[in-house]
Amino acid sequence: MSTAEASTNSSATADVMAAPNLSVLQSTLVKQTKAFVCELCLQFYTFGWLSGTGGSVTIKVHQDHIPKQHQLIVMSPSGVQKERMLPEDMYVLSSDGSILLIPPTKPYPHKPPKCTDCAPVFLKVYELRNAGAVIHSHGMESCIVTMIHSSSKEFRIRNMEMIKGIQGYSCHDELVVPIIENAPSEGQLVESLTEAIRSFPKTNAILVRRHGVFVWGDTWISAKTQAECYHYLFAAAIKLHQLGLDHSL
Amino acid sequence: MSTAEASTNSSATADVMAAPNLSVLQSTLVKQTKAFVCELCLQFYTFGWLSGTGGSVTIKVHQDHIPKQHQLIVMSPSGVQKERMLPEDMYVLSSDGSILLIPPTKPYPHKPPKCTDCAPVFLKVYELRNAGAVIHSHGMESCIVTMIHSSSKEFRIRNMEMIKGIQGYSCHDELVVPIIENAPSEGQLVESLTEAIRSFPKTNAILVRRHGVFVWGDTWISAKTQAECYHYLFAAAIKLHQLGLDHSL
Amino acid sequence: MSTAEASTNSSATADVMAAPNLSVLQSTLVKQTKAFVCELCLQFYTFGWLSGTGGSVTIKVHQDHIPKQHQLIVMSPSGVQKERMLPEDMYVLSSDGSILLIPPTKPYPHKPPKCTDCAPVFLKVYELRNAGAVIHSHGMESCIVTMIHSSSKEFRIRNMEMIKGIQGYSCHDELVVPIIENAPSEGQLVESLTEAIRSFPKTNAILVRRHGVFVWGDTWISAKTQAECYHYLFAAAIKLHQLGLDHSL
Amino acid sequence: MSTAEASTNSSATADVMAAPNLSVLQSTLVKQTKAFVCELCLQFYTFGWLSGTGGSVTIKVHQDHIPKQHQLIVMSPSGVQKERMLPEDMYVLSSDGSILLIPPTKPYPHKPPKCTDCAPVFLKVYELRNAGAVIHSHGMESCIVTMIHSSSKEFRIRNMEMIKGIQGYSCHDELVVPIIENAPSEGQLVESLTEAIRSFPKTNAILVRRHGVFVWGDTWISAKTQAECYHYLFAAAIKLHQLGLDHSL
């Protein structure tokens, strides 16, 4: 499924498809995953990652016998206050990005549901990295850290214990996170994000200049743990810069 | 209703008027709106927006068949700890600003109820902008951001993703928020606030120097979402200024 | 009762006195006040005011027919984690500072109960200012603000809306808070605190250098509201100083 | 038990030993201690001390008739989100560091249990200082404070009230906390930590450069109280440094 199609689907309002999936969509596993996305969003909101309806979270519906690339996908809706979502507000997408379940329209003052604008980015990350969950945060540290060196294409930090929390790194390694430029809509980030992921095959995160960060992992646990470590490192880098210390040394 | 009248009414203690509204005042909708103002105030208090009894929130009682300019108005009381309010502590005003429901006097050490000092400002915003809710915050970022350039009449920021959260703006637009000078009482802000709203017809917020910010929206959702985006942008601007970076570029 | 006596009493462990007060000590009012001190301490702990067992809160047991100077006094214990206290951990003192109720000794790893080291200071404030409640905070902003101008005997700030939250001040007034020097124990602060209160008859707070602040009010509401305003102003002053702006202008 | 053995045991998955302890392992006291480690970890997580699965907590199972050096030890698992642990996730170790109770393996996406990497450090602190609890925090203030003077082997601060919260210190004493260099795994810190504890016999804490801090005390109350005071002092020192003030004077 191309980005364009995802983008089209995400603004559709009624084309539930794939009848064979109906019982699956009502399964306990799907319900639990939807509830869990809400729970994580509430927690991340308290961290300031999802302020003002910004940011988003997606998790795959894990089933041992289904390969990750074929698992259903839960995504949060767009433009919704992330600390007040209910499981029934969640979207469910097929593994190829078709919207299988559109949440019901809520009464005034809620707007008609719309799938997260990040859908094309999330689907691309799932495709390229076989991730089990992706977190998109607007945490202020992830935004500001891209502005300290405003023309740098990478954020670099080394010799910090918390680097150990990032998959594939020890505390003495240099952590490099690619920075891509912002665009008016998340969908327009797909091309540069794809390029960055291909250029940095080891990365688990992409910073977006003056915007925020995408972090992913094999599982929601890995995505969340790494997202916390990245935010810690971004905040520490800003603090060190403010103290006149170079965090890349 | 003039500002002077609102100010007079807000210090009255017993002139409940408009008998035909009595059943409406006890309706579930009014009760829900009162409860919801309390809930939002508790949340905003935890953000530091309503510290020390400062700040206030007002929401219109929405009914589909009543045009917004004729809807009842719920306001929080004045000088009350915003995280400890109960629905019965709320004021209800008619669409023209007459106080219809005065909360009962509470025992010692509570003072007799008084409608928020912001009533004249809130009513003026409702009149000029047909808003559904107004939030007045003392969040420190909204106070300090007016002091960085102490003679500037506007706060300006551009090229930040969170600008997209403000109605009518994309992330690459320059966001401009007018700053008016502070006055000993909120009622005395009405004239300069009116002028600022007329001079900046696109604005959804007015900063008050060394004081805080008023933010409004069509609905409580829009007001709250934008208030979170504004506070994020104010805090980011202060941080960037501290790092020697110019947020208006 | 002299400070020396209060200090002696506060380290006593069993001399419950004044049999006629026994039923009063078990009254609902006393129980409610004890519960309320715990509730406020938990809230203030989340603000960082009572970190590491530091700081303390005292409230008078209000009864309409008893003049404030004769009301019973509830105080929190010394060296106890303020977010984990129960009503039965509270001390009750007579209006002259005699300990009427000593909380029971708790099992390991709790230490034997001891009345707050602030008792002499609290009693002196009650005596000099007829307060209904006193809050002693170690909030970092109250500590750091005394260190910016390390030889200044006063903290000064003006032209901030939050000054309006301090009793007797409008937003354009200059707020002055006396700073006294720290001493190894709170009891040793009584003399300089007394002098500062007498020199600044309008003040509702005393800063202690490199330590924290005492704030009081007619009622717990007034003490808490003002404590929040003072902490806001201290934090703003530090931020402004950091931005190269003079908060006393 | 040597560090090497602890390290080996901590990666074992099934060698529950010491049958005579079985009833003890299921005792109310052990259950309570396990529940309490979870409760403290949740609290410390909200402080930012245990972000991204970092940091750890251990408490001895107190029994009046058993000398502290023979008491059972509860430790949290490694690489687990500290705010989401349950009592059954805890490890129980004998006083000599043998693992007596391995928590059950949880389903996907949880990894097989592993005892905290800090086990060798925790056991060494228990051995050298007869502590009742040890807290390992990644609180950002404890990390950054070691980087201000990047070659200093000690953190020094004096004349702060919160120093009084550290066992053996008054507010006018100079507090000295040794700083050791970081290593790829916590186990490799044992040697330098041992040396630092011996060189600073009065210390209740060891800072680890670019990493965090270990704090201990006779009881969990003492460890927690001191950990809060240390974090307050680290944060104050950073703030003072930023304001151009020397915290060691």
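Letters are used for the chains, namely A, B, C and D, taken in the order the chains are written, and counting of residues starts over at 1 for each.
Definition applied: a residue touches a chain if its C-beta (ideal position, glycine included) is under 8 Å from a C-beta of that chain, and two chains touch if they have at least 3 such contacts.
Which protein is which chain? UniProt says A, B, C, D = Probable methylthioribulose-1-phosphate dehydratase.
On a predicted model such as this, the values are computed, not experimentally measured, just so you know.
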Interface residue overlap between copies subunit B and subunit C, same or different (over half shared): different
What is the chain whose Cα centroid lies farthest from the Cα centroid of subunit A? C
For the two copies subunit C and subunit D, what rotation in degrees overlays their C-alpha atoms? Round to the nearest 5. 90
In whole angstrom, the CA-centroid distance of subunit A from subunit B equals 33
Using the average of all C-alpha atoms in each chain as its centre, how far is it in Å between subunit B and subunit D? 46
Give the residues of subunit D that touch two or more other chains, as numbers and ranges in rising order. 242
Chain contact graph, described as a line, ring, star, complete graph or other shape: ring
If two chains touch, include that pair; go through all of them. A-B, A-D, B-C, C-D
Enumerate the contact residues on subunit C facing subunit D in the complex. 48, 51-54, 79, 81, 108-110, 138, 140, 143-144, 147-148, 150, 182, 184, 208, 210-212, 238, 241-242
For a test of understanding, state which residues of subunit D touch subunit C in their complex under the given definition. 62, 64, 132, 159-162, 164-165, 170-172, 218-222, 224-226, 228-229, 231-232, 235-236, 239-240, 242-243, 245
